[in-house]
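You will see two complexes here that share chain A, one where it goes with chain B and one where it goes with chain C.
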Partner chain A sequence: MSGIESWFEYLSKRWDLVASTLLETLGYVVSVTVAAAIVAITVGVLTRNRAFPRELSLAIASVFLTIPSLALFTIFIPVVGLGFWPSFIALFLYALLPILRNTVTGLQGVDSSIVESAKGMGMTRLQILFKVELPLAWPVILAGIRVSAMLTVGISAIATLVAGGGLGDFIKSGLARLPLPNSLEAIWTGVILSLLLALAIDSSMRGLGRLTTSAGVRS
Partner chain B sequence: MNAHDLDPLHEPRALIELVNVEKTYPGAEQPAVRDLSLAVREGEILVLVGPSGCGKSTTLRLINRMIEPTSGSIIFEGADVTNTDPNKLRRQIGYVIQQIGLFPHRTIAENIGTVPRLLKWDKKKTAARVNEMLELVGMDPSIYGPRYPRELSGGQAQRVGVARALAADPDVLLMDEPFGAIDPITRDRLQNEFLRLQAELKKTIVFVTHDIDEAVKMGDRIAILREQSIIAQIDRPEVILTDPADDFVENFLGSGAILKTLTLNRVRDLDLAPVPPVLPGASRTQALAAVEESSSGVAILLDAQEHPVRWVDRRSLDNAAKPIEQAGRSVNVMLQPEDTLQDALSAMLQTSTGMSVVVDGRGRYLGCVTIESLASLLVQTQNGAA
Partner chain C sequence: MNESRASRLDLIVTPAIGLLLAVLLFVVWNYSDMDPTTERILEPANLARQLQQQLILAFWSTLLVIIVAIPLGIMVTRGGARGLKNTMVGFLGLMQAIPAYGLIVLFFVWLGQGATTVILALAAFSLLPVLRNTIVGIEQVDPSVIESGKGMGMTPVQRLARIELPLSVPVIISGIRTATVITVGMGALAFLIGGGGLGETINAGLKLNRPTAIFVGAALVALVALAFDFAGALAQRYLHPKGL
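After this line comes the complex of A and B, so read on.
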C-alpha cells in the first residue's frame, strides 16, 4: 500500500478524533489571537505618543519570544494546572509581539499632517483615534494579527505535552510509537492538518482584510 | 472687496484679536512668539509673511488653539476663547495646511463632509453642501465625489482642501502656505481662483506664506514678521512696498520692490484694447473686415467655445492658400483678470506685438491688453500715490 493510501485509511477510521483535535487547535488560534489582539492593540494605542513605555512594552513582548516553548508551556503548570490554560497563556505571550509591533508601526506610519488636519477640523482625540489613526493603521495591524494566528497554529502543537490537546496529539502519539504501524500516518496527520488549517486561516484573514480596508488605502 | 476699497473712517470690526500673546515651546529658551498683539478685520485677507522660523505657523496655530498660548488671550467674534472648548472653536474655523492632510481612506465627498458631520448635520443637508462645495472649486461632484484622495492631482487635492475647510461655512479661514507645494503655473491659477472665490465669499482669512510676491498678490493687508513673530510692519501692500518701515522690511522686500508694485494691480484694472474677435466659420472677407476695423491691425480668431486660438493680421490673411483656421500665429499665453501686472508684463514680452489676450475663468475671450495701457496705468498710480 502506498503512503498516501495508508494515510487516507488511517484518517477514515478516526474522523471523530481528527475533527475534535482540529477544533481544539482552532479554539487555541481563535481565543489566543483575539485575546492577544485586544491586549496588544490596547497597549500599542495607549503608548503611541510616548517613546519610553512604547519601547518597554515592545522589549517585554520580544523577551517572551526568546523563551524556549517547552519552558514557557510548563512554567505556568504550578499556578493553573495542566490542560488548556498553561497552553493558552504560553501561546498568548508568543502572539503579543507581532500584533504589538505592527500596531506601533502602523500608528507611527500615519502621516502627521493627516492627524494635524483632523485636529484642526475639531475632531476629538477619540474621534481622531477611531476614525483616522486606527483605520489607516488597520492593514498593518491586521498583517500582525495574521502572523500571530499562523504562529499559534504552529506552536500550539506543543500543547499536547501539557495535556492541552490539539493536533499535536497526533504528532506526539506517532513519535512515541515509531516505528510501529500507523505511527508515520499519525505524524502526517498532525503536520498536514496544521498546514491546511494555517492556509485556511491565512486566506480567510486576507479576505477579512479586503473587506475591512477602505479602497482608498488598499494596495 | 479689498480692505483698501473701503472707507478708512469705517474701519471694519476685528473678528479675531490676539492680545499680548506669548508662546514658549516646552524646553525652548526663547519664546517662538513674543508679546504679539494683532487684530484681523472682518472680511480681509491678512497675510503673515516673514523668514523661515520667525513664528508664522505658530502664530496661525495659536488662533485656532492647535497650540495653547503661554500667556495672553485670544478673542474670537468678540468673545474670549482662550479657555473654551478648542474643538468647538476649530469647527467654526476653516484650516488649510500645505500638506492638505486629506483622509486617504475616505472619499472626496466624505472628506468634504467631515466638519458638517461633526456638527451633526443631517445626511441630505451634508450631501447637498458637499456638491455645492465641489462645484464652487470647479470640480464635477459626480466625477470627483466618489473618488479617493490618491486619485487626485496636487492642484485638485488643494482645491478639495479648500472645499473641506469651507464646508461648514466658517467665517474665518486659516491657511498655512496653502499653495506652497505646487508648481508655479498651477499655483498662479489656484491663487486666481481663490481670489475670485473670496470676492464672492468675503471670508476673514489669515494667510501664511514666506513668499513676498504671494503676499502682495493675496493680501488686503500684510504683516511682515521678524524673529519671534514680532511685527516689523503691518499695512496695505502698496504702503509697505512704497514706504517700508525699516531696513528689515526693505531687505525682506528685496531689490525689486518697485517692480513688485506691478503685483499690486490686476489685469482687470487695465483698459482692454479693441481687438475684434473673428467667430468660427467666418469667411476670409469677414476676417479681413475685422482686421481693417481694428486699430492695432490684428484680430483674434475664436473657436466654438469662444476660446481665443489665433492672432491674425492682414498679411497672414492675404495668403489664400492657407485656410483661415491656420492663418497667423497661435495664441499661447493668456491672462485672466485676476493676474497681476507682473504676469501681464511677462506675457506681453513673450509676444512680438506687446499685446496679450485676456480670458475669463472658463477660458472665454474678453479682450486684449497692451503694453501702452500698462504703462499709462503705472503713470496714473505713481501720480496718485505722490
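After this line comes the complex of A and C, so read on.
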C-alpha cells in the first residue's frame, strides 16, 4: 500500500531524528524505571514486617496513578520549569505503584518456614533478606518493573506537551501540520514506535527475568 | 486483613491528598499575583464551562464502555468462546500500549473534530478494564454454585441473571471505577482536538507562559479525578448485593 510505502519513505529521510527521539524516550524509560525501582523496592523491603506503613505507602502510590497524566506532567512546572524534570517526576510517581505492589506481594509470598530454616542455619537478618527473601521474590518484583517500564513508554508521549521531547514530538508536530503532507506519517511514527518500543521492552525484560532468576527458584 | 485495611486506607489517603491539593489551590488562587492574562485564563465562568465539558465527555464515554464491554464480557465467557476471549483480551492489551495522546490524535484523523470523536477515543481507551473485570468477575464464581443452580432446574439465562452476574458485581464495579477515572482524566486531553475540557486552561497557561494558570488547571483536573476515584471507592464499599 502507498500509505505504508510513504511512511517508510518518511522514516528513511529522517533516521537521525527518529533515532534521537527514540533515545529520548528510552532515556525516560531507563532513568524512571531505575529510580522508581530503587525507591519502591527499598520502601517495600523496609516495610515488609510493618503492616501500617506498608499499606500507607501502597495507598499513596496508588493515588499518584489516579491523577491524570496531563495534570501530573504540568503541576510541577511552577516549581521545576519545562522540559525533562516535570516529565521525569510525573513518570517516576506513576512507576512507583507496580513495583511497590509487586515487591510487597513477592516478599509476602515467601514461605515463612523457609525464613525460619534460614534463621535456624544461623543467617543474620540481612543475609536472610539478600540470600533468601529477595531472590525468591525477584520474579514477582521484576514483573512489576516490567509493567512500570511499559507504562512509562506509553505515558511519556505526553512529555512533548511540556517540552520534554520523546516520541510524542512526532504526534504533536503531525497534529499541528494536519492536513499537510507527511503529517499523518509523523503521527503514525510516534504511535508505532511507542508500540514497538513497549513490545521490545516487554520481551527483553522477560528475557532478563529468566537470566536473573536464580536456578533454584526457576525450576 | 490486607484487603480491608488497604481499602480503608484508600478511603482516607485519597481525600487527604485531595484536601492537601485543594488547600494549595486555594492559597495559589487567593494569594498569587495574577496579571490580566492569567486572570482572563482563569475566568471562573471559563473554568466552569470546561469542567462541565470534561464531565459530559467522561459520562458518555463511560456509559458507552459499560454498554459495550459488559455484554461482550458475558458473551465471551459462555462456553465455546474461549479462543475468542483470549484473542480479544490480548489484542486490547496491546492497544493499551498505544499512548493515550496518540490514540486521541488518531481518532481525530479518522473521525474529524467533535465531541463524538473524543467520546469514542476515551471509550476505546477505557474498554479493557471493564471487559477484563467482567470476565474475571464471572470466572471467579464458584462452579459448585452454578452446579447447584443447574440442580435446582435453572435455565442458563436464569443462572446468568441470578447467580453469575450478582456474584460478579463487585469486580465489575471496580472495573467501572477504573474506567471512570481514566475517562475523567483523559478528557483533559480533549483540548488537543478541539473538544474543550480543563486541558484548555493548562494549555493556555503553557502557551502564554503563566505558571499560576498551569497549576490551577492541573490541580483542578487532579481534584476531579481524585473525587471520582473516591466516589468509586465508596460505591465499591457500600454497593454490593445482599448476602455478599
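As a convention for this text, the second predicted complex is superposed on the first by the 217 of 219 C-alpha atoms of A that agree within 3 Å, B and C clash if a C-alpha of one lies under 4 Å from a C-alpha of the other, contacts with A are read in each partner's own complex, and residues count from 1 in each chain.
The working rule: a contact is a pair of C-beta atoms (placed from the backbone, for glycine too) under 8 Å apart; a residue touches a chain by one contact, two chains touch by 3 or more.
Just so it is clear, the structure is predicted and the values come from calculations on it, not from any experiment.
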{"item": "Touched partner set for A:Leu161, first chain B, second chain C, both or neither", "value": "second"}
{"item": "Partner chain in contact with A:Ser194 - chain B first, chain C second, else both or neither", "value": "second"}
{"item": "When both partners are placed on the shared chain, which of chain B and chain C touches more of chain A", "value": "C"}
{"item": "Touched partner set for A:Pro78, first chain B, second chain C, both or neither", "value": "second"}
{"item": "Which superposed partner A:Thr66 touches (first chain B, second chain C, both, neither)", "value": "second"}
{"item": "Parts of chain B lying in touch with chain A, wherever the complex brings them together", "value": "64, 66, 86-91, 95, 97, 99-107, 114-115, 118, 148-150, 161, 164"}
{"item": "Chain A-touching residues of chain C, taken from the complex the two chains share", "value": "1-2, 5-6, 9-10, 12-14, 17, 94, 96-103, 105-106, 108-109, 181, 184-186, 188-189, 192-193, 199, 202-203, 205-206, 211-212, 214-215, 217-219, 221-222, 225-226, 229"}
{"item": "In the complex with chain B, residue positions of chain A that touch it", "value": "111, 113-124, 127, 132, 135-136, 213-217"}
{"item": "Contacting residues of chain A [partner chain C, same complex]", "value": "51, 55-56, 58-60, 62-63, 66-72, 74-75, 77-78, 150, 153-158, 160-162, 167-168, 171, 174-175, 178, 184, 187, 190-191, 194-195, 198-199"}
